[in-house]
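Just dropping this structure here.
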Amino acid sequence: MIVPLGHVLILSGLLFVAGLLGVLLRRNLIMILIGVEVMLNAVGLTLVGASAYWRNPEGQLFALLLMAVAAAEVTVALALVVYLKRSRSTIDVNRFNGMQG
Amino acid sequence: MNGLTNIPALSVLLILPIIGALACMVWGRRASVITVLLETTVALLLPFRVETTVFPWLRFEDWGWIERYGARLSLGLDGLSLLLVWLTVILLAVAVGLSWPRYRQSGFYALLLISCSGILGVFLAQDLLLFYVCWEIMLLPLILCIALWGGAKRVEAAFKLLLFTLAGSLLMLLAFLGLFLLHGRQTGDYSFALQALGTTVIPADLAPWLFGCLALAFLVKVPVVPLHGWLPDAYQEAPAAVTLLLSGVLAKAGIFGLVRVAMPLFPETWTSFLPVLGGVALVSIGYGGWLAFVQTDLKRLVAYVSVAHLGFIALGVAAFNVIALQGAMLQLFNHGITTAALFALVALVERRTGNRQLHELGGLWSRTPQLGALVLFFSLAALGLPGLNIFTGEILILLGAFGAHPWWGAAGMLGVLLAACYTLRMVQGVLWGSPRGPEFMKDITRTEALILGPLAGLVLWFGLYPLPFLKLLRGPVEQLLAYLVTTGGLP
Amino acid sequence: MIWDALLALLPFLILFIGSVSVLFVPERRALLFGVFCALLAAGFCWWPCAPVMSDLLLVSSGPFARGCLTVWALLGAATCLLSERYRESRRFASPEFAALVLFCVLGMSILAASTSLVSLFLGLEAMTLAFYVLIAFDRDNPTGAEAGLKYLLPGFLASALLAFGIALVYAATGTFTLQGNVSLPVGAAMHTIAILGWTLILCAIAFKSSLAPFHLWTPDVYQGAPAPVAGLLASGSKGAVFAVLLASIPLTLIAPMRPLLAALAALSMLAGTFAALPQTNLKRMLAYSSVVHMGYMVLAVLTGHQAGLEAGLFYLLSYGAATVAAFGLLASLTDSNGEPQNYAALEGLAGRSPWRAALLTLFLLSLAGFPPLAGFMGKFVLFSAALDAGYVWLVVLALFSSLVSCYYYLRPVVRLFRPSSSSVFSVVANGGELVVLGLCAIIIVTAGMYPGPFFRLIAAIAP
Amino acid sequence: MTEFLFLIPLLPLCGALIILFAGGRMPRRLLTGVAIASVAASAAVTLWLWPLAADQSRATLFTWFDAGSLQVPMELLFSPLAACMALMVTGVSALIHVYAACYLHHDPDIRRFFMLFNLFVFAMLVIVLADNLLLLFLGWEGVGFCSYALIGFWYRNPVFATAGRKAFLVTRAADVLFGIALLWLFHLTGTLSITAINLQAASLPPASVTILALLLLAGACGKSAQLPFSSWLPDAMAGPTPVSALIHAATMVTAGVYLLCRLFPLISLSPTALAVIGLVGTSTAFYGATCALVQRDIKKVLAYSTISQVGYMFLAVGAGTITGAMFHLLTHAFFKALLFMVAGAVIHLASGEQDLFRLGRLPKRSPMLFWLLLAGSVALAGVPLTSGFFSKDAILAACFARQTLWWTSLGVAGLITAFLTALYALRLVYLLTADREAASGHGPAPRGLVWPLLPLGALALVGGLLNLPEVWGGHAGLGRWLATPSGLSPSHGLEWGLAFVTLLLVAGAWFAIRNRYRVPTSPVSERPCVDFLIAGWKFDSLIRFAITAPFERLGSELERSLERGFTTSWPAGLGRLCQATGQKLRVFTSGSVSHYLVAMGWGIILLLAMLLFLLIF
């Protein structure tokens, strides 16, 4: 293996934290979704790296599955984005606070 | 007759009210009367001895329940529980009869019946899990009754009662679970049987905690004085039927639990607990009596009277010798009858005058002499007039308490004086003076006479000829003492 | 061999095929078809089949998986039955709805049956994806979309956490199978990475089962979602997560996980209890109460022994039945004006419809843990197991919170019986609702009074 | 034959029960008839069974209590002492019943009256005949209750009802001490039978005996209105006059004396206790006499006089002469019942006026009543050869015969009191005969109010024959019958001397009173000293100030601050605290999903921090 696993993990960890910060700090729905995608990509990176480290294909298999799942998730999310935008004409998540307490 | 006596009467006794409650929901409240009649019949049949029984029980029934946790539906009846079963059934009848003209919803009667089933279960259960289950069943329906049919501040009062007693019973559950696990680990036999758990060896540092949990649960239910915060409001706000069940039977369950559950489980801690119990009992007598004296609301007054009387019973338990215990156990019945009658009378007075404030009542004797006579009669019983039932118990308790600790007996005697103070104040406020309130009042109706007449008869019977009942109690009481001696609790 | 495998997977396949084919069923029959598929799947679970041992399958076909599948399928059927009214009065697109419910049940079944972290992830995602849509299914209800959003975003975050956690565990151990992860790698670095991974997985699970502080979405989502969906969410999804947590993930074998779990449990009990106190909306109250119940469930996980596992499963059963029934009862009160969620709106129910008032009382009392109902028996077995495992302080805390819980459970009960003139209910409950509510009531009462058979059943399926 | 003993108390009980259950449907005449007949029959049975008393007959009905070592049979003991007392109670009761039937002729509530009256006789007879302290206690409290209910018989007037309550509470306060004695006796001897206790008395520790005797004395003081429990009796005059005559003069108030007589073998073991009993008796006698001297209400005069006379009986017990006590008890019953009934008739004639200074002209209105009044008064004053003279002298003689400083001084105090007694007795006569504008009333006294008085009048005059001392040629019949040797035999010289002194005192008193009241006078102007005496030495105010007022005030304070303020309200406070916590927690569920995400972030950080902590340590 050319790149040590530790480096992969550090990189993906940083990527993951970056995505996480995006999710936590952004108010725009689209930006939050992008943050999640960044996090999922970090996961994919880890999986592929670990797969190479352990020399078995399961990790890569799982990375493929993950992409599919992410796609499905984003589909649902974007449908919701469209619906929300249409009904409330905003995608600032904090505007949707009709229920609280 | 033989066939009749061999039915599993105890189980029938427990299940009948549940069926009755369901029947009430379906066919209306009339079903409750039939249930009460059937229940009374079964209760009266109880003393007929069945041939196959387990010593020392008059009757013993045992069914499988939850094998996994070693819990069984075992019910045992001896003299003490027989007396309390009778009390429960009598007061149930009184409660139903008293509510009949007032409450039309069948749900009310269904709840009363369910509660009754729980109460009977508490008095009969020989399995701790069953005991706990019944303990909860007996309370919740009554709390719902208060919350739904009570006075102006009913919800608040109901929740207060609920939280107090539930706090107690959760502690009880904790103690039971602890004991169950300890016993299981020691013997490998995971069981909830009261008899088996009595043999558990409890580590010395754990025993006071477990016992404390249990004792708190029971003392809250009684209640003794520092733990009585729920009582005045609950008694005041509750419908009369509920109040009389609360004070007439549920309070007894607390004492019963102390003697029949806490003592056998923790014989060694028990003896060191007795002085504490004696102390709180005396405080209850004094404090309850004193506060009863200054109350202005009739129902609240009777509530505090009840606290004081329960203090006497607790004193008898604390003395823990034959005479005092026999007195205390007899007093469980006596106090139930008297307090129920008093609460019923308060309700009758309130229905006629629309009022419960002492300073707005008065002169009832000239309007309704028969009702007045009953008020006077039961007040005299509460006052401890010899020849009436409360005296019977009180004097035995005091004789026993004096034997145990002379100061207890002497201080208890002062409580007798207090009893005269508050009772006569009540009688004067209600009966004497110039008549007030509505011009025309109906004197005792036939139904009311049918409710209160037998109670008055019992008051006299237990006052003048308590011998059969004392004999009934002698066996159980001697067993309790013998148990404490054999388990090393007593020297 | 392949036939054995097919037979083993048959219930899953039925659910899958059902969820696709229901889309082609006419509007009026779709829900009933969904019920039929779910019941069929539940029935086929008991078709005897040879145990299949294959890593390739990713799901087990053992008795535990099958038992769980039966329960989830029944839950799905109940959800479909309870939604009939929504189809009529709220213009639900019933084929899509039934398809999503079946798909959701499939996800839950895979989750509970998973033998590998991969299938765990897949099952969880399948279930969650279906829920995203189900929660926002009522298009006429503006809060529905908001609820969907509030489930969606935290859900995404949790998915990402779960995926990263799984990835880290894989990186540390090189395998996804759950059995293999019992023994942690020896090397210090790898050890830390694995524990980090498990912690992230725990975070995701805490979100799904709404443990504090991951619980804030719960009340809003329950409030906004249609009542049957909320019922499924409260009972099914949490049940599935805990089923897998209890049966498959050996979290307690990892020493540092125990304090984390204990902290989550304590926080949940306290936060849920206090937050539920001032609620005046039944669904929000049930949401907070579910936080408390999940706190109790963590006790079962913590015990880490067989008795605790079985106690936890029994508790899940009692909690699930009462929760589904409570939400179902709300569903049965729904009409074109929406659900009567506020206590004020529930006033007068006893006068109009005494049996349903009595049933709701029964369900709430069971949740509060009053004997002789299932809730009490559940608490009893759970607390005794936890006490046996030595978690005295947690048990005392749990007792405290169940004491306080009585207040918020009984408050709506009291309101139910208050006479009111302004209440509007659709008074008649339809057959399906009655069947569901009646069955739940029977389960609750029998499991409380005579729990022996249920214990035996659980002992039979428990791994 | 002994089982017939139960007839004595049960006959009045039956009367009460018949009136209770069937009285509503009876004509008045029949009702009063039943009441009178039951008591008269009881008296007849007592006479019939008289011979049984000589050999201390017993009769047991059934066992009342049986618990542990406690055995309480329902057992009657018909001793000579009890027989005397029973005969007096039933006889006097029968006469007063007849009187009451006439006195309350127009009262609508006659049924309740006679029910309670008969019940009272029953309870009193239980006290008299009981051999067991617990059974005695039953009667003891029973008479207390009847007294309570009869004092407040005219219950519409709250003052009357309060007087009844006071009587009950004051006696009950004393009963507490009696009760403690009872508990202690059982603790020491293991039995509650009076006979058995008396037998074992000698083996008890002396210190306990003294305290026990003092406790018993307190109980007796309560019932007999002795200091410091005397304040209820003057108020008790609120009841109808027959009640005062029967309960508060002849029978119930002497129950204390009777109790001490019954337990004399125990009490006599403690010289201290005897001395205290004598002191209590003498001081009460003096106290009562001083108060009686200035009262304006005719019944109050008699009430304080009763207190004073019962004091003499206590003095007798203290001095150790049971015979003397019983003798005075009997004669007092005769003349005091007589005086009360005369007073009732006088009040009746004056349509309810009770103020002595508005009454008068009795000889003209009803000569018969005047002669009866005179008979009663001379007996009370102790005019030689009347019954009161002999009984009082016997007591004083016993005191002087002890020949110690203590008893001699008590005897002297008794003599002074005797002088005061003569003063107020004669004052009564003079005021009632005074020729003044008196309250008018209806015609002559009804016959029913007069003729029951005749036998009592006769007894008041010649009752001394019952126990005529040997000095006077008698043979001390009562003393022989009771057979309670006191160990004291006063010398003849002492007896003669006493008789002479008494004669002097009475004569002096007559002179004084004659000078003061010969001409009709108006009441003395308000003098503090008189007020003090009229108010009974202001004991009432003292008790109110020292005991009842603080009790009530503290109770209200307790209710307000501790009970309402804390004991019953802390749960609500705790509930509010929980609610407030819940409200605070609601802030977290702000409705903004980004806050939820941030909370999850904090959750992750929390778990990771914990993990870090755990991994490091």
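Just so it is clear, A, B, C and D label the chains in written order, and each chain counts residues from 1 on its own.
Definition applied: a contact is a pair of C-beta atoms (placed from the backbone, for glycine too) under 8 Å apart; a residue touches a chain by one contact, two chains touch by 3 or more.
Just so it is clear, the structure is predicted and the values come from calculations on it, not from any experiment.
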In terms of touching chains, how many steps apart are chain C and chain D, taking the shortest path? 1
Winner on C-beta contact pairs when A-C is weighed against B-C: A-C
Centre-most chain by CA centroid is B
Based on CA centres, what chain would you say lies at the far end from chain C? D
Measuring from the mean C-alpha position of chain A to the mean C-alpha position of chain C, what distance in angstrom results? 26
Taking the mean of the C-alpha atoms as each chain's centre, how many Å separate chain B from chain C? 43
CA centre of chain A versus CA centre of chain B: separation in Å? 65
List the centre-to-centre spacing of chain A and chain D in whole Å, with centres computed as mean CA coordinates. 97
Give me the residue numbers in chain D that touch at least two other chains, ranges are fine. 575, 586, 589, 591, 593, 597
Which parts of chain C, given as residue numbers and ranges, touch two or more other chains? 149-150, 153, 157, 219-220, 404, 407
Indicate the residues of chain B shared as contacts by at least two other chains. 159, 163
Chain pairs in touch? A-C, A-D, B-C, B-D, C-D
The residues of chain D that touch chain B in their complex are 62-70, 134, 137-138, 140-142, 145, 148-149, 152, 155-156, 158, 161-162, 165, 168-169, 172-173, 175-176, 179-180, 183-184, 186-187, 551-552, 554-556, 558-559, 563, 567-572, 575
Touching residues on chain C, where the partner in the complex is chain D: 149-150, 153-154, 157-158, 161, 192, 195-196, 199-200, 202-203, 206-207, 213-214, 216-217, 219-220, 256, 259-260, 263-264, 271, 274-278, 404, 407
Chain B contact footprint on chain C (complex, rising order): 350, 354, 358, 365, 370-372, 376, 380-381, 383-384, 387-388, 395-396, 399, 402-404, 406-407, 410, 413-414, 417, 450-452, 455, 459
So, in the complex, the side of chain D touching chain A is made of residues 586, 589-594, 597-598, 601
Residues of chain D touching chain C in the complex: 575, 578-579, 581-583, 585-586, 588-589, 591, 593, 595-597, 599-600, 602-604, 606-608, 610-611, 614-615
